[in-house]
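What follows is a pair of complexes built around subunit A, which joins subunit B in one and subunit C in the other.
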Partner chain A sequence: MRLKPIYILLLGLIVLSSFAAIQDSEMRIDTQLLTTQTEFEAGSAIILKFSASEITQPKLYCSSSYGSTLVTPSIQENMLLFTIPKNISKKTGQVQWKLLNDATSLSGQFKIVPIQEVTSMETYIGPPSIEAGGTDYTMLVVIPTDRLDNALPDNTIVDAKHQFLRNETSDAITTKNSIAYKNIYSEEKSGRMLVSSESKNTNSKEYTITVFPAIPTNFNISALRPHNYADGNQITTFETSVIKDKHNNVVSDGTYVSFYITNHKNNSLKTSGTTIKGVATAMMIHPDYKTQWSIKAYVDGMAESDMITLDYEQVINDFEVNFSKYNRNITIGPLQSFMKQMIPDGLQVTLLVYKDDILLETLHKTSIDGIVNFNLNPNSLKKGTYNIVITTAGLEQSFKALQLW
Partner chain B sequence: MTHIWSIILAIIVCFSCYQFYIKNDSQRNPENVIIAYYDALDFKEFETAYNLINPESDKTIAQYMLEVSVADGLLSSYAKLDAIETDITTLNDSAATAKVKTNWITPLEKVERIDYKTLSRHEGKWYLDSEDIDTDLPPNQLYSNNTTGYFNQGRRRITTEQTHHEDVLKQPVLDVLSAKLVKYDNHYAIIGEVQNIDNVPADVVLKGTLYNEANKELATYNAKYHIKHKLMPKETTAFKINFEGIAWSKTKDSIPKTFNPDEFTPIELEDQPIKFNLQAAGNVSGSDLYKNMVLSDLSIEEDKMKGNLFNSGLQEITVPQLLVSYYDDHKTLVWVDHVFIKEGIRQQRKQNFEYSFITNSSVKIINDSMENVFVNGLPNEPISNKIVPNRIENHLNLELQHINHPDFSYIKIETNAYIGNPN
Partner chain C sequence: MVSRNKNIVRVILIASYIVIIVLIVSGIGALFGYLNTGADRSAMLHTELKKIEQYTPKVVWTPLTNEGRSMDEQSLNTLENNYLDAWYVKHIAYKTNTTAGIKDYYTDSARLNLYDMIALNTDENITIESTTLEHHPTLNFFSEDGQLAVITDKDVVEYKRLFRDENMVLETTEISTYKIVLLLEDGFWRIRHLVKVKTEDYKVEHKEIATTNLNIQGINYYPQATPWDMFGDPFSKDTIAKDFNIIKEAGLNTVRVFVQYEDFEKANINKTKLDKLKQTLDAAETAQLDVIVTLFDFYGNYDVLDWTLNRRHAETIVSALKDHKALVGWDIKNEPNLDFESRGKTTVMAWLDTMINLVKSVDDQNPVTIGWSNAQSATLLKDKVDFVSFHYYEDLEDLDASIKTLQTAIPNKTLVMGEFGEPSYDGFWNPFGSNDDDQADYHKKAQAIIATNNLQYVSWTLYDFVDIPKEVVGRLPWRKNAQKHFGFIDENGTKKASFDYISKQ
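Let's look at the complex of A and B:
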């Protein structure tokens, strides 16, 4: 039984070692935190003082939201002084510390609070344009910060100020989780809104919100024309009344208004205009035949105008046709307008050549000085009899059994 | 023996030279004149072209050059001749008529054109007869016009740092009025209408995605030609998204030797598209907002329409475009087509156009649910309800143009202008 002394020796060692541990902690019990302050202002020098009865210099483990570090003490009059580094002491928040002894778990925490002043205002606003009428809003978000860029504590008062037309409004809002916000609603009028904020005598810069008018409401249209003749040359101008939204704001410049014109053939023609100070103008060239136009303007899905009708009077009531050179040269005209003046250049004349009711050729020409000349090519239209139809300005003349040589 | 060979060789050489001369003498026969004329036009050799014009026409070279210089448009300013085919329809010893079929390549599309030319012969040489130009004169000399201009400062502060928060403009709010997935002749498209319901002009980008029944993504593409990309406040446009695949991605595909502006590789879908997603995005735009294109006359025929466009503004329209929406008898939008007018429209002038209605018209609406339509990343419906709470639905249906077509009952014509040379 030679094991017995070994057991005894081992047991004795264990007992001894536990004694040693107890003795050790009893020695270190003197190391105590002397600093009583648990709240520090950001940026101030934070020094944790510990009483020290011992020559060993334990390190201090510090942990904040920005990271963790070890701090080496300096000794002064039997005290261990731990200076918390700047990168931790500058930021607000909780700091956990732990003295790194071998056995003791001396630990604690302190709080760094923001400096009670506002140096800058971090401000955001959006959207930068809203609609008039009181339902659309923009959100102002303010984060007042101290000079070390720390957000101020909850319930810091921020004045959200805005100017609109003659009103200057200031609303006190408070921060929560660093942020103060306010929804700024539009009013019935459109215009520019200037927004700023203030906290502890520090002001933000100026922000601009454009309050656009709401969607247009029904309007009227009118037409202006130099004469009411269908000469295919002059321009008729359509104009809307001042288009406003339901709050009496003039709609924003550039609003697209489409004008639909239905003529006597029930065909739908279209012109368009964009508004300037609420008035949209659209232009349309005169027809070259007698017709009646019904005009109605729309802002698609939102508003429409009344319907107006315009009559265009026939300007050419009859035209002369002369045949020469074996009927191959056809002169149409003079085409005269309402005062017997020559019709402005560019009136379209169409000549259709039929043989036995089969359309052989369609020729288009435009007038010069009231005259249109057609030359029938002997190469394509051989000697024979043809039917010829001439149309212009909505009129038609036909020549049956015309002999071509 | 050598003598015989040399004589034969000499005959062959002489005959070849003669043939070469016959084929290349530009005024020997009508075909040569036409080819020489179009060749000269294609290479902008207008003096050569003028010399092929009948000297008995009273057109001076200065007048000819001037007429060429004022003609703008897709065909006269942006086209290159690809192929020409002449067909002499009638011919005698002093005159001829010809049908000239030309194919042109433009940046936008291939253009096929048929011209009817008359030719005449003087002193043994063939000449082309000169063409008449449109003699239309605008009523005024000087025009004034008021428009709203826009300018975006971008970054107001001159800085290389990131843009200030307040310098970022809000994206204009768009409203997708309708969107549907349709199947037309074995290919799928998303069609619909979109409106700018904001107060600033918007540049519109539309992106459509197709899904099968199991919500598997099949294809994604953007609206290309079938949309007015720039919308003024409250302006509406019809749109169509065609789904295009990746060209020449397979080894068996051969890359064409010439540029084809109409190159379209239909996407190969693994499955039937059942659902779709549409993302509309607007951005504030201050340019290309020319809207002064007027539909001034229209006549509807069985299979086509003819009409006049009038430029009521102060910019020359280089490429006028028409967007034609087709509706069924319940005035439901079923298809969107477009046409580029080949000729430009000068200020305050008219331009006639012709458009043939689509013929193969088996259009089937597969899905018209607006569930997955998003505007600037947000669901479409709540936004549009907020800004336009009491929308007059299908407001412009009253103004649709009736047509006599076996498959469609109405059309809507929208105009869009591209200005090549803004001033």
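Let's look at the complex of A and C:
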């Protein structure tokens, strides 16, 4: 019976000691976060304070937008002080922390918000050129950022400003998902548009958008020539009227215009030019025989001109042909132009040699001082009878049964 | 005589002259040939760029309803690739504390933040092994000129392991939401602004899959002609069907087969091989056998940056086969505990953990297990697996005790002995080894212990093999020869004495 109180005493001691042990460990793990602030401005000094009775110095795990690290504490009056490194405290976002001690698993979060100021207006604008007419547009994207390169929170007001001719426009837009954007439409006129933006009294640079004229509309052409003779020498110049788009803007310099010329034989010629101040010019040498040209110009796929016609008068009405040296030397000319002047050098003369209706040879020569000389080669054209045809400036002379020695 | 000698001299002179000329010409030729070697001319323009799959987290885009310009598939693809590459270079940067590659995927001002962090971590000797497992991006905005995009990446599952002075101090998985502004610069989408707007610890709960109906009496299976190369060119469904009939008639109900990681071409699963695996399951269904598919065999890297590839591998196989009637369970990895020493236990365990999570997220019907190589390791991750399996190649005397220990440690989970067996090899390399009768005796005893403990089992293996690849047990002849003789049927197709004890019958 006497054992009973001893047992009770022993049991009591055991209970007490275990209680004490629990007490002790509770004391040991009594680490708590003392900092109550959970939102900090970017760039401010962030210090997390923990109450601590331990001598050990646990590390603090910190994970921010850009990466994670471990922070070593300093101890001050029974407190653990964790100074969050600058590269974490300067970037906005949610920061997760965990105290890496064995006993407890303290963890939490705080938020870093951007500084309420705008230091730079990160501006992106594109496309850099648009078409006049009010349907095409360019997009202005602005990211207002604070001095630590953090984008400002959503619903920050940004003034999107642009100037065009006499209009200066300013629109208030708000940021969403870090960016604010606005579509800037062209007007009817072409020209340069200047764009800028402003937020919290900070202004962006000036950006330039080129408003190009829209596609050209149909236009007229005219021709200019020194005379209307088909001398194969002078040059006819074609010119367009001022080509404009449907909003009356002169098309951009360098717009390519093709001129298509069709003669009375339905042969085509092509020449081209590019516009300067809306006018394109192109040239073509005169024909060397009487013909009529029909000319039409195109800006390929976009616009065309009216059709004009030009008549070219015959300059040579007849020509002389002389045979010498056994008929092998043939002299044609003098070839005379409209004022009886010698035709300028370079008129083409063609000589065709036939025997029994079979074409044996075709010889081309151009005139020099109004005269063309042909020498029929005795090696290729043996002694015999040939038919000879001479053509120039659209005229033709035939010599039948010409004897060659 | 004189003239003959002269002729001999002449011949020698001419011959040596020819030989010297040939040598000089071939020498110049070789030099010329050497100078002409090097890059193929077609490579000069870098027209062919091969993309190597190195980072394949699961990416699920929300349907496009973005503001600004409408997004096309190709641009979105480029954006996604560059965005993931940005994550990848960041993981590498923090793992090695170097800045390689960051320039390509972060703009001038954004990359400074990473450089700062790297500098800080270098000073403190902190390295971080990390990866992301899932991304759920939404395209918020795409600018009219196609040069700027804003995305919100929701529920990014990030796994991190922090080391300080080479010691791991923290292992954590977080789920976060990021807002990202990207710019198209020099043909790269680069991160301009990155803000983590939400983050919390990621805890994944999967419902446990009941295994009370599980009644595995099976055998590990490789075809006799092609052990460890089951799904190669010689694959024959007929052979497998025939073998499965033998197994069924022997009174067994399950086979365990192996998917080799590299053989199935890692993340980018070889469709032909996957199809052969499916045919194997079809054959099992016809023979009324169940199949345990081992998802990883011959894989030993476990590196955190390899995880996304492993997960893609597992995900492809699991989603292709999860509804197959013959499937009875997934064995995540064959004998992972053998890599504890070389790769580190934490690394391997974290890998197993993430793989179990993945398989369970894809398939919530079929149970998972891990094929531990011994009974001692089988308690690891016991709460994550649906049934516990272990391999037993030790003394049969201790088997009963091992089972009892495990049953005490894991009272509420089905226990499967996933591999056991004994080679019948007493040849030159091991004259005191066991013969056919010893092997039969082994299986008789094993079946008795199995019956007493009501244990489920998968024995090793049906056939004696002729060729064992060196990757299995190395090149040592005594190991190789032993490994050849674990079968119940010998190389000539004759049933060995042990065949009588292949099952409980």
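In this section, the second predicted complex is superposed on the first by the 372 of 405 C-alpha atoms of A that agree within 3 Å, B and C clash if a C-alpha of one lies under 4 Å from a C-alpha of the other, contacts with A are read in each partner's own complex, and residues count from 1 in each chain.
Heads up, the rule we're going with is that a residue touches a chain if its C-beta (ideal position, glycine included) is under 8 Å from a C-beta of that chain, and two chains touch if they have at least 3 such contacts.
What you are looking at is a predicted structure, and each value in this text was computed from that prediction instead of being measured.
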Field: Clash or fit (per the criteria above) of subunit B with subunit C on subunit A
entry: fit
- request: Could you look at A:P85 and tell me whether it touches subunit B, subunit C, both or neither (first, second, both, neither)?
  value: second
- prompt: Between subunit B (first) and subunit C (second), which does A:Y124 come into contact with in this model arrangement: first, second, both, or neither?
  reply: both
Query: Which partner, subunit B or subunit C, touches the larger number of subunit A residues?
result: B
Subunit A-centred angle between subunit C and subunit B, computed on Cα centres after superposition, in steps of 10 °: 100
Message: Once chain A of both complexes is superposed, is A:S305 in touch with subunit B (first), subunit C (second), both, or neither?
response: neither
Query: Looking at the overlay, what does A:N387 touch: subunit B (first), subunit C (second), both, or neither?
result: neither
Message: So in the superposed three-chain picture, is A:S337 touching just subunit B, just subunit C, both, or none of them (first/second/both/neither)?
response: neither
Query: Counting only touches as set out at the top, which of subunit B and subunit C does A:P287 meet: first, second, both, neither?
result: first
Task: Give one of first, second, both or neither to describe whether A:P216 is in contact with subunit B, with subunit C, with both, or with none.
output: first
- prompt: Measuring by CA atoms in the overlay, how small does the subunit B-subunit C distance get, in Å?
  reply: 8
Message: Residues of subunit A that sit at the subunit B interface in one complex and at the subunit C interface in the other, please.
response: 124, 126-127
Field: Complex contacts: residues of subunit B adjacent to subunit A
entry: 89-92, 95-97, 118, 132, 134-140, 146-148, 150, 165-166, 168-170, 177, 195, 197-201, 231-236, 289, 291-292, 294-300, 310, 312, 348, 350, 386-388, 391-393, 395-396, 399-402, 413, 415
- line: Note: in the complex, subunit A contacts subunit B through residues 124-129, 131, 135-136, 207-208, 212-213, 215-216, 233-235, 251-258, 260, 262, 265-276, 281-285, 287, 296, 298-302, 304, 344-346, 365-368, 377-380
Message: Looking at the complex, which residues from subunit C come into contact with subunit A?
response: 67-68, 90, 94, 109, 113-114, 116-117, 120-121, 124, 126, 128, 130, 140-141, 143-145, 147-148, 150, 152, 160, 162, 164, 169-170, 172, 174, 176, 178-179, 181, 183, 192-201
- prompt: Tell me, which parts of subunit A touch subunit C in their complex?
  reply: 59, 61, 63-70, 72, 85-87, 91-96, 98, 100, 107, 109, 124, 126-127, 137-139, 141, 143, 149-151, 176-179, 181, 183
